[in-house]
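Below, chain A partners chain B and then partners chain C, in two separate complexes.
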Partner chain A sequence: MAVNRMFRTCPTTGLKFHQPAEALMKWNAVAAVVSLLVGGILALGVTLTRWQAVHLLAPDWFYLFLTAHGLNMLVFWIIFFEIAVLYFAGSTLLGCRLATPKMAWAGFWLMVAGALLNNYAVIFRQDSSVMFTSYAPMGAHPTFYLGLILFAVGALIGCFVFLGTLAVGKAEKTYNGSIPLVTFGALTACIIAIFTIASGAIILIPTFLWSLGLIEHIDSLMYRTVFWAFGHSSQQINVSAHVAIWYAIAAIAFGAKPMSERVSRAAFLLYIFFLQLASAHHLLVDPGLTSNWKIFNTSYAMYLAVLASMVHGLTVPGAIEVAQREKGFNKGLFEWLRKAPWGNPVFSGMFISLMGFGFLGGISGVMMGTEQLNLIIHNTLYVPGHFHATVVVGTTLAFMSLTYFLIPVLFRRQMMFPLLAKWQPYLFGLGMSGFALFMMGAGTLGMPRRHWDVSFAGNLFPHEFPGTAWLMIALMGISGLVAIVGGIIYLLITVGSVFLGKKIETPDFKYVKAREGMAPAPQPVAATLTAHHGNIGMAGFVAPGTFVLAIVFLTSFVLYYFVNWKYLSTVWPLS
Partner chain B sequence: MAEPTQNVNFEEVLEEPIPAMQQLLDNPFLLLFIGIATPAVLYIIWGVMEIVNIPVAK
Partner chain C sequence: MSAILPPPDRVWWKQPIDRVEGTWIAIALVWCLIMFFMMPYWHVFGKQNLANEAFKTTPEAYTRKAQEVVDKYTVRTETAQNIPVVHPPAGSDVYLVARLWSWWPILELEAGKSYRIHLMSMDWLHGFSLQPENINIEVHPGYDHVLTVTPTAPGTYSVICNEYCGINHHTMASKIYVK
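Take a look at the complex of A and B:
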C-alpha cells in the first residue's frame, strides 16, 4: 500500500507538516470552531436567562439551550480541537508521518456524524433536554446517546492514530531519546481520553439500549458513578492538553525551555495516575458510596494531581521568566513580566489562561473536592462557576491563543483584524473570569444551578436570597456578555482569516517527498538558552518573580480554604 | 612490554544505563496501561463494588 510521505516545511518556524496530518488538523480545527459558534450562540440564551432581570427564555427553551450549550462546548469544541492538537504534537513536533491517515479520516467523520446526530436530537427533535449529564432515569431520544457513542468512537480512533504516530516516529527514528515535553503532555491527554471514552462506552451503550426499550432499568447511582468517570475525566483531558499548550507557547513566544524537564514530566505522570480520580467530587453527597471511597478519590488522590498542576503553574511562568531574564529583562522582580509581549494574543491569552486556571479554577476545585466543604456549595451555581474558570478561562482561552499561532503556520493565511486580536484575550479572559467569579459568589450564597427560575417565584415554600446574591447574578450577566463579545471577535478573526485572509505566499513552495522509511532529517536548531543561566535573577533565585507569584498563590489558597471551613461552621450551627 | 590494545567499543562503555523512571516515561503503552488501570480499579471497580453491596430494601 502506498504511503504518503509528502512534507512541507514552515518557512517561519521550521516545523514540518505531513500532508495528510496537516489536512486533518485543519478539518478538526474547523469542526471545533463550528461547535464553538453553535455553543456560543446558545451561551447567549443561557446567560440572558440566568440573569434574573432579563430572564429571556421560557423553561423548555432554557433547558434545551443549556443541554446543547453544554454538549457543544464541553464535548464537541474541546475534543475536535484536542484531536488537532494530538496530530500536531505527534506528527509535526516529531517530524514524522501520521499513522494510518485513512483511519484518522474515518474517526473524524464519525465524530462529525456523532456531533450532528446529538445536536439533531437536542435542537431539532426537541425531546432530549436532559443536559450534559443526562442522568438516568431522565431519558433522551436514542439518537442523543447514539450521537455521543459515535463521537466517542471517532475520538478513540484519533487517540490510537496518535499512539500509532508515536510508534512510527520511534521506528523511523525521526527523534532521538525521549519525546518532547509538549508531545508528552499530549500523550497524557490521550491516555486520559482513552480512559474517559471507555468509561463513556460502559455507561452510554446500556443507556442507549435502555432508550430503545431493550434494557428495562438503569440504576441511577450506578449511572452517576460511571458517568462521571466520563463526564469529569473528559475535562481532565483538557487540563493536560492546555498545560501542554502552555509549554508550547512559552517555547514559541520566548524560546523558553522548561526549568526542569524531569520535574515537568513527573508532574504529567501524576496526572496519568491521579487526575481522573477527582471525578468522585460529583458524588460527595450521594448516599451509597462510603467515605473511604469518596475521601481516597477526592482528597488523597486529587491532591497529588493538584500538586502536579501547581508544578506546571510554577514551571511555565518560571521558564518564561528565565528566558526573559536571559534576554536582558533582569531588573527587579517583575521586569520580565512587564516587558512581556502583552500585545501578542498568543502570549496574553496563554498567560491569562494560566492565571485564571490557577487562581480561580484550581483553588475552587480543591475546595469543592473536600467532602465537608463540598456541602456548602454542592449543586449551586458555584459548580458551573468553577468549571467555567477551568474549562473556559483555562482550556478555551489556551486553545484560542494557540489558534493565533496556527493561522499563519498551519493555514498559511495572514491574520485579519490584528488590532481586535490584540484585545480579544482580555475581553474574553477577563469577562469569563468575572463570570466565573460572580457565579461562584452567587453559589456560595446558595443560588442553585440548573434551575430555570432561581428565585423560586410562586413556590409553596419560598426562599429569600440576600441582595448580594442578586447583585452577583447581575454582575455575572454583564461579565458573561463581555466574554461573549470576546468570543464573537475570536470567531470573526479565525473564520475571516481562514476563509478570506490573504494567503501567505512562499516562493518555490512545494511538498517534498521524504525518503522511503524516513521522515525529513531534522534540522539543527540553535539553542535558545544556555544550560547555565549565567548571572540572572536575585538572591540566588533564577526566577524570583515566579517564586513571589507562587507565594501569593499559596497564601490565597490557604486563606480561601480556611475561610470556607469557618463558613461551614456558621452554615450548620450545632449549639 | 605493553599489552596489545583490545578492540573496545567506547560507545558501549560510555553509554550509561537508562534510569528506570525514564524507561517508564519513554514507554507510552506502559503509561497507557497505568493510566487506565489505576482509575479503573480505584474509581470504577471500587465504586461499583460498593454500590452492588448496598442491601436491597424489602
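Take a look at the complex of A and C:
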C-alpha cells in the first residue's frame, strides 16, 4: 500500500507531524485565513453602513456585503480552520498517520470549489443576497445552494477522515489508554458536525432543486425548522472546537492537565446529547409550534448543555490555576492569574475568548433561548450582538490564539511583528466585545438586525428610535473599527510569517518511519486514584480563584436573567 | 500529563472529583433547573405568552378576511395611497397583512381592551416588530398566527419589519394607534 508514513518530530514541542496531515493542516489553515480576509473586508463595509453617521453603502450593496460576510466568516473561515483542528487533534496529538490523505485532499478541494461557487453567486452574480440563512421562499441562484452543498460534502469527508484517523491510531497502538481530552473535544465537534451536515443536506438539497424549478414549493416553516438544525448546530461545532482549543492552550502554555478527566469528558458528552436541541430557539416566536416543544428543546433539555458550558468555564481556568499554583504562584486568590503570561498572545487571546464567550455570549444566548424572553429580542440587533460574542470573541479569537502557536510549530516560521502580536488579542477581543455589547444594547432598545436604514428616511411612517439607541449604534461602529484593526494585524502577522517569516532550521531535523513514531507498548500503571494535587489552594478548594470568578459569573447571570423578565413584564400582555 | 496527552491513569473515570468542581456542578445544576421552570411558571403566572394558535391557510382566504374587517370598521384613510385605518370592536378578530414591502391596514385600538390580531405574510418571511414596546414575532406565508394582545397605554406605535425581505426591507413600516 502506497501510504506515506513519514513523520517529523517538532523539536520545540515534541509533537509528531505526519507529512500528509501537515500539508493538509497548512492548506486548510491558509484557506481559512483567505476566507477571513474576504469576510473582514466585507465586515468593514457592513460596519460602516450600520454606523448611521457614515452609512457607506447603498442598500443593494449592503445586503450583498452582509450575505457574503456571514457566509465567509461563519461557514468558510471557521470550517476550514476546524478541519485543520480535526487533523491536528487526530493525527498530531495521537502521533499517528492520517487516514486516507487522498480522500482528505478530495474533501479539501470540494470545500474550496464550494466556497468559490457560493461567493461567485453572491458577489459576482449579485442575485443571491439572501443572507446566511437564505430563508425560502426568498430564493437565490442555484449556484448559491450548490456551493454550500459541495462545501458541506467536503467537510463531511474531513470528518470521516478524522474518524478514520482515530481508528488507525487505535489499531496501530500509537497511544496508550484513552484519547487525549483535546482529541475527545474534537471528536465531539466531529460528531456534531456529521449531524449538522446531514440536516444541511435535508434542507439544502430540496432548496437547490426548488431553485432549479424541479420542486414546486418549499414551506417556510419547514425550511426554518430544518435549516436551524443545520445553521445553529454548525455553531455548536464551533463551541466544541473552541472549548477543545482552550484545553489545548491551557496544556500548551501552562502544562495544565484537566482537573478531572471525568468531569470534562462528561461535559463534552452532554454537548453531544443536548446541544443541538438549541437550534429550536430560533423558532420561539414562529407560528405552528407548541410551547411544550419550544420549552423542552430550547432549554436544551433542562439546560443540560448550558450546564456543560458552565462546567468547562470552570474547569479550563481551574486547570490553569492548579498548574500555576503547583508552579509556586499559590498566594492569595489571584496570584496565579496576575502572573500569567499576559504578553503571550496564545494565552491572552485564549483567556479573553473564554471570558467573552462566557460573560457576553453565554449569558445573552440563554436570554434569547428562553421562550418568552425571545419576544423582546427576536431579530433585533441583540441577535448579531450575541453571536459576535460567541463566534467571534469565542471561536475566532480562540482560533487566532492557536495560530500563534501553530506558526512556529506547524509552519516552522518565526512569528513576525511580535510586538503587534502581543497587542492583537486585546485590540480584537476587547473591540469585538464592545461591538457585541453595544449591538445588544441597541437591540434591547428595539433596533432591528439586517436593516439598511434605521432612520427610515423618506418613509411614509417613519419610526424614531430613542437617542440611546443611536449612541449604541455609534459606539458599535467605533468598537467595530477597533476589532477590524485587530483583524488586520492578525492577517498581517499570519500571512507575513507564513510566507515571509524567517524559517526555523533545526540541525537534526528528519522525518522518521512510522514504526519509530509509535507509542511504547502499554505499561501497567499503578492505580493512583486520588485527586493528586499537592498542598495548594485554600479552604479545601484547589482552584479558589476560579471558583470566585465563577460565582461572579453566576451572579451577573442571575441578575441579568431576572432584569429581562422584569422588562418583559412591562410590555403589552399577550396570550 | 496534560489535556493534549492520553490520561495518565488508565481508569481515569474513577479519579475522585475535586471539591471545587463538585460544588460548582451542584450550584450550576440548581440554576439550570430554576431557569427551566421559569418558562412553565410564566405560562401560568406571567402575562406575556404566545398562545400557540395558528392555522394553515392561503393568501386569498386570508386577504378576504382582512378585507371584510376593513370594509366593516374603517374609520378613515391615511397617506396618498389611502391606507385604511381600522378601528375594530374590542375582542374582535383583526387581520394584519404583511407583504413586500408594506403592512395593511393600519390598526386603531383602545388601551386596556383585548384584540385577536392575526398575522400572515402574502409572500416571503417578514418580522412583526412593535416599537417601542419591542414585541417581535416571525410572520410566515401560509400560517395565520393569532395573538391576543392588550395594549396598555395610549400612543402611536410603530410596526417595522425585522426579518430581511429584500431590497426595500427597510421601507416596510406602519403604525398602530392606541386610544
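Descriptive notes on the structure:
The criterion applied here is as follows: the second predicted complex is superposed on the first by the 554 of 575 C-alpha atoms of A that agree within 3 Å, B and C clash if a C-alpha of one lies under 4 Å from a C-alpha of the other, contacts with A are read in each partner's own complex, and residues count from 1 in each chain.
The rule is simple: a residue touches a chain if its C-beta (ideal position, glycine included) is under 8 Å from a C-beta of that chain, and two chains touch if they have at least 3 such contacts.
Computed from a prediction, not measured in an experiment: that's the story for all the values here.
When the two structures are aligned on the shared chain, A:Leu445 is found in touch with chain C, with no touch to chain B.
Of the two partner chains, chain C is the only one that A:Val263 touches; chain B does not reach it. By the touch criterion stated above, A:Thr494 is placed in contact with neither chain B nor chain C.
In the superposition on chain A, the chain among chain B and chain C reaching more residues of chain A is C. When both complexes are overlaid on chain A, the residue A:Phe274 reaches chain B alone and has no touch with chain C. In the superposition on chain A, contact of A:Met222 is made with chain B only, not with chain C.
Using the contact criterion defined above for the overlaid structures, shared-chain residue A:Ser178 touches chain B and also reaches chain C. Shared-chain residue A:Ile191: touches chain B; no touch with chain C. In the superposition on chain A, A:Asn379 makes contact with chain C only, while chain B stays out of contact range. Looking at the shared chain after the overlay, A:Thr290 reaches both chain B and chain C. Residues 177-179, 219, 221, 283, 288-290 of chain A lie in contact with chain B in one complex and with chain C in the other.
Interface residues of chain A facing chain B in the complex, by the touch rule stated above, are 163, 166, 177-179, 184, 187-188, 191-192, 194-195, 198-199, 202, 219, 221-222, 225-226, 229, 233, 265-266, 269, 272-274, 276-277, 279-280, 283, 288-290, 293, 296-297, 301. Of all residues in chain B, those touching chain A in their complex are 21-22, 24-26, 28-29, 31-32, 34-36, 38-40, 42-44, 46-48, 50-51, 54.
Residues of chain A touching chain C in their complex: 59-60, 63, 93, 131, 135, 137-138, 175-182, 219-221, 224, 247-248, 250-252, 255-264, 283, 285-291, 295, 299, 302-304, 306-307, 310-311, 314-315, 318-319, 366, 370-372, 374-380, 444-446, 448-454, 456, 459-463, 465-466, 522, 525, 527-531, 533, 537, 540-544, 546-547, 550, 554, 557-558, 561, 565, 568-569, 571-575. Of all the residues in chain C, the ones that touch chain A in their complex are 1-21, 23-25, 27-29, 31-33, 35-36, 38-40, 42-43, 46-52, 54, 56, 79, 81, 119, 123-125, 127, 129-138, 140-145, 147-152, 158, 160-171, 173-175.
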